[in-house]
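Take a look at the following structure, please.
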Amino acid sequence: MSTTTETKLELHKMMMLIRLFEEALEEMFSRGLLHGTMHLSIGQEATATGACLALEKEDLITSTHRGHGHCLAKGADPYKMFAELLGREDGYCRGRGGSMHIADLSNGNLGANGIVGGSLTISVGAALSFQLQKKDNIVLCFFGDGAVNEGSFHEALNLASLWKLPVLFLCENNQYGMSMASNKAVAGESIAARGNSYGIKSIQIDGNDVEEVYKTVKQYKNEILETKTPRFIEAVTYRYRGHSKSDRNLYRTSDEINYWKEEKDPIKRFIGKLQEEGLTAEELKKLDEEVVSLIRTSVKKALDSPLSPKTNLEEDSYA
Amino acid sequence: MPELTAGQSINKALELILETYENSFIAGEDIGIYGGAFGVTEGLLQKFGEERIKDTPIAEDVIAGLAVGASMTNSLPIVEMQFSDFIVNAMDPIVNQAAKLHFMYGGAVNVPIVIRGASGGGTGAAAQHSQSLESWFCHVPGLKVVTPSNPQNAYDLLLHSFVDQNPVILMEHKLVYKQKSNVTLNPIPDIPDLIGKAKIVKEGKDITVVSYSNMVNVVLEALNSDELTGIEAEVVDLQTISPLDIETILKSVSKTKKLLVVQEAPSHSSVGTTVITRVVGSEVFTQLDSSPKILSGLHSPMPSAKHLESAVIPQTDDVVEFIKNMV
Amino acid sequence: MPELTAGQSINKALELILETYENSFIAGEDIGIYGGAFGVTEGLLQKFGEERIKDTPIAEDVIAGLAVGASMTNSLPIVEMQFSDFIVNAMDPIVNQAAKLHFMYGGAVNVPIVIRGASGGGTGAAAQHSQSLESWFCHVPGLKVVTPSNPQNAYDLLLHSFVDQNPVILMEHKLVYKQKSNVTLNPIPDIPDLIGKAKIVKEGKDITVVSYSNMVNVVLEALNSDELTGIEAEVVDLQTISPLDIETILKSVSKTKKLLVVQEAPSHSSVGTTVITRVVGSEVFTQLDSSPKILSGLHSPMPSAKHLESAVIPQTDDVVEFIKNMV
Amino acid sequence: MSTTTETKLELHKMMMLIRLFEEALEEMFSRGLLHGTMHLSIGQEATATGACLALEKEDLITSTHRGHGHCLAKGADPYKMFAELLGREDGYCRGRGGSMHIADLSNGNLGANGIVGGSLTISVGAALSFQLQKKDNIVLCFFGDGAVNEGSFHEALNLASLWKLPVLFLCENNQYGMSMASNKAVAGESIAARGNSYGIKSIQIDGNDVEEVYKTVKQYKNEILETKTPRFIEAVTYRYRGHSKSDRNLYRTSDEINYWKEEKDPIKRFIGKLQEEGLTAEELKKLDEEVVSLIRTSVKKALDSPLSPKTNLEEDSYA
């Protein structure tokens, strides 16, 4: 299965969109426009992009505290996301969720989750709905390497395997929890091996190779629908920024960070590939400018939009 | 109008729900061939099959979590916590997810799930199988908490909880399961108007006794005591403990001028302290002619020995004692 | 007498404990090289090594569970819940095990553990990172619950909680961590006599304001408002919310004849409703000359946006408003 | 490592003691002397016996809701156990714990646990104490096949492996939870394989062969102390009685039950072996009579002993 040029350009544009979206957030944060903290996925764009673009709109995802990329790649409007982080009425959650809790059901995003491992059992329930409703769709569950050690991971994978649920578990192994190296936190061979131990076919891939992610997710989705069994992907990647805004990066070396930035950056690598395949500097520039202006206009529009009104929050707490 | 135990009436309500809503299902431990630890799901597997009567591994976190995910995707889950004590293993999906998603996502989703659990003591099951943890869930915005006290309201409140679009925690007392009476098998309601409504189960003018769950039965039994002849107590069965039907309570107390709350759970940070706080915080405060009291379970884990267990849980004699001292 | 933030004073208390008790250790997420999400354990890894400063995987159930097992076998564990919201994943070891083992085993074992968690809102961390869940643990017999409000009592209460032979839940408010003042670095006490003692932090005759955790600071700030000049409020910092120091509260209320409770947590089934219930259930009831009130957080999850967050959490203006209306 | 005759007779006597203890309980229950329910291990005596007799007194165990056998095998006094179930002052928990919560610290039993999976994380903590205190002892953690699917199992095994804790996980696989067959509840190859997936050396053994259990536990204890790594045993066994007193056994056939009673009974099988090795009927009779009279006198003494007094239970809740 080879990827069309059109798709490749989409993949590039989406990675750029995520990168620029989060860089814009950083800038807003430093200008004191944002309340609270946030978790940036800069450096990990290939996983979110390759995975979500391999899905249909009707497929669902569950996301994490580091979910901006998942959300955008699944089709969210950057304007509404900026608006959400700024507490505006047009935000996806009307200013009630913020960075860690954006959901976009219209595009099949069941929502980011502030609880590590919190989305795993939810994804199993959504996959059960697909099974009961005999739908030909899957649920892709994003989670980090740190979530692998939570009890909820165990209960979710065990049940998904027993009940043959159409769920694709996708572990974004960026090699650290908050500060703990995943090899100090996960016993046994590897995270992919842990997936296998539940009788779930699992694979470890280069999470910074957007095409590999895209192809693997496409293939696994087909296998899930054909075999009616779940699948598991460990995508190895790396986060450039601190865990959150308060991180001083004491637990890793700047050499390590620089190595990943220089040698393994998903966007750089993919641009190189596209250029080998004949993409000209002009074409690239044009693509990127579209993204830049989308971000610019979205930020401006969000900053100009009205704050979320103080409604009766106790009433808002119930359906 | 059949005579049923509450266990049986709940079974009937579940059956009606499963027949009526194709997208409803039940999940829990030993709810299939075993019929549930308290027999509440007996026969449902045979009627509805494994697809909809889902026996799970012993894994409460995913039992509750799958309900959340399923409810966000057009399914209508009812899950069982075999003993409500085990809900400790399902607190994240219930408290951090189910309770908050509707608000956190700006109203974009509903989480219409029902979580049933067998609560309470009196069966000699000891400290880890006898708790009344319902107050915890009342403290959590976004949840509703319902506590039946007899076969009829066990049936009706389950149907209404199911129709309610919010996550509802149903705490069913083990001794209520055994209560037996004639039950009108009402149809599934369009609006869940029973949720949030207390019920005056006995009218009176001398004192208001607010209670819920099995303690309502203990209170009613106590009122038959000769020692209380001449005293007309008004008994309020809260039925829903969050949100509280404060109007009904205030109306009664402003009539009787006296308030006693009786609950099995310990007092600290509980439903009973909330009832009293709401009453004394209202204009009814000035009408009270005596100090409002709470009769609760002791602040102690549940002992296994029968004679110690009954020292922890309020008994009819204790209720009589309290009422005598107050009226 | 150094000037320290509460985060720093807790760090000093931990250091003293680790130096003094060889069998003590700390376990939690990112408490090692990272120094803890709020910097509370900074420098301890360097001083005491990996054997005693135990960085764990993200697995709250085993973090709390290992504390129980270790404490039953002559170790003295202090464990950290990075945000107290994550304690939902550790409820079985805390509630079904730690709280009950001493009673359940007939007094044969003690479970002297300390569980610290960062609680509360006001930092824009939204619904899953801003809760004040302390009331849950007050409802559980066998647990003690402690809530510091400033650098000095954060230091002292940790030492006393450590010496206490029962499982103690310490809820440390994120905004309290940032409070700064001079701290007397007292030695480790022989008897934990601060546990269970409230403190009058300001004397007054016109109204008793009972509060705990960061809300004590909000109350004290509110009292500086010009709108309240002439009103002498007495402020009680509960410090320990289970068991409650009811004597101190009653003494104050019988003097002022008025009671206001201020807490960040929602009202239903909370510490505040317990304080009011205990007061109106006592002989002080007849001395009250106005309806006792509770000013609490809204019954709503915590919104992320700053202007909405501050609508959920009681602010100084709200305190001023309540006091004006009551006095 | 061959087992001495003396040890073999101990193993037999202990299995008999457990069997007769629980049969006596059944009889008391039917006479209405017991409040609440109980979980009997009749048929599983070999696991508790072989495991606990392979340990020293200083080694610790954590037990389950089906813990009478563990407790007796670790050295508990049947009188104090009967007294506990009868709510007497001499009971191990002074009538506060009952069948599901007997602890016997003096003999290294950290206690039975009513919560499935509840003892796993506790055993990890106790093992950590041994490690910190540099003791040459282990913690043996009993749990059932049903507990394998709890999140606590996952978190406990992962940490024990990472931290190299001296704990021996012993799964009593009696092939059912309450009513659910373990092969419907545990995904993946086997329970022992799940242990291996955490990098913990694991083995599946015949839990009804008391000598095999005894030898394996002895060997694994030595390996734990030498290698400073945990171990995992899956002991396959079978319970004859219902899960608890309310069980109607609808989830399994009487043929299956009878097969295990006739062909696989641990006591019968071991007697056969002992007789092959020369034990005479008289010797056997003598051994068993000792056990019978111990049970008889213990029951009588317990029934005659005073109820636990109604102390201030709120004060008893705190140390």
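Read from first to last, the chains carry the letters A, B, C and D; within each, the first residue is number 1.
In this text, contacts are C-beta pairs under 8 Å (C-beta built on N, C-alpha and C of every residue); 3 or more make two chains touch, one makes a residue touch a chain.
In this text, all values refer to a predicted model and were calculated from it rather than measured experimentally.
J.: In the chain contact graph, what is the shortest path length, in steps, from subunit B to subunit D?
T.: Steps on the shortest route: 1.
J.: On a CA-centroid basis, which chain has its centre farthest from subunit D's?
T.: Here the answer is chain A, farthest from subunit D.
J.: So, what's the distance in Å between the C-alpha centres of subunit B and subunit A?
T.: Using C-alpha averages as centres, the distance is 40 Å.
J.: Using the average of all C-alpha atoms in each chain as its centre, how far is it in Å between subunit A and subunit C?
T.: Roughly 36 Å separates the two chain centres.
J.: Can you work out the whole-Å distance between the CA centroids of subunit A and subunit D?
T.: Each chain reduced to its C-alpha mean, subunit A and subunit D end up 46 Å apart.
J.: Identify all positions of subunit D at which a residue touches two or more other chains, and write them in rising order.
T.: Touching at least two other chains: 93, 95-97, 101, 113-115, 118, 149-152, 155, 158-159, 162, 184-186, 313-314, 316-317.
J.: Going by the touch rule set out above, which residues of subunit B reach two or more other chains?
T.: In subunit B, residues 57, 59, 61, 85, 89, 92, 96, 103-104, 126-128, 141-142, 298-301, 303 touch at least two other chains, as defined above.
J.: With chains as vertices and touches as edges, which is it: line, ring, star, complete or other?
T.: complete
J.: Which positions of subunit D touch subunit A when the two form their complex?
T.: 149-155, 157-159, 161-162, 184-189, 193-194, 197-200
J.: In the complex of these two chains, what residues of subunit C are touching subunit A?
T.: Residues 29-30, 32-35, 37, 55, 57-61, 85-86, 89, 123-129, 298-301, 303-309, 311-312.
J.: Within their complex, state which residues of subunit B touch subunit A.
T.: For subunit B paired with subunit A, touching residues are 23, 25, 51-52, 54, 56-57, 59, 61-62, 64-75, 77, 92-93, 96-97, 101-112, 141-142, 144, 165-166.
J.: Can you list the subunit C residues touching subunit B in their complex?
T.: Contacts found on subunit C: 85, 88-89, 91-92, 95-96, 99-100, 103-104, 126-128, 133, 135-136, 138-139, 141-142, 242, 244, 265-274, 276-277, 280-283, 285-286, 291-294, 298-301, 303.
J.: Under the touch definition given earlier, write down the residues of subunit D that touch subunit B in their complex.
T.: Of all residues in subunit D, those touching subunit B are 34-37, 86-87, 93, 95-101, 113-118, 146-147, 149-152, 177-180, 184-186, 246-247, 250-251, 307-308, 310, 313-314, 316-317.
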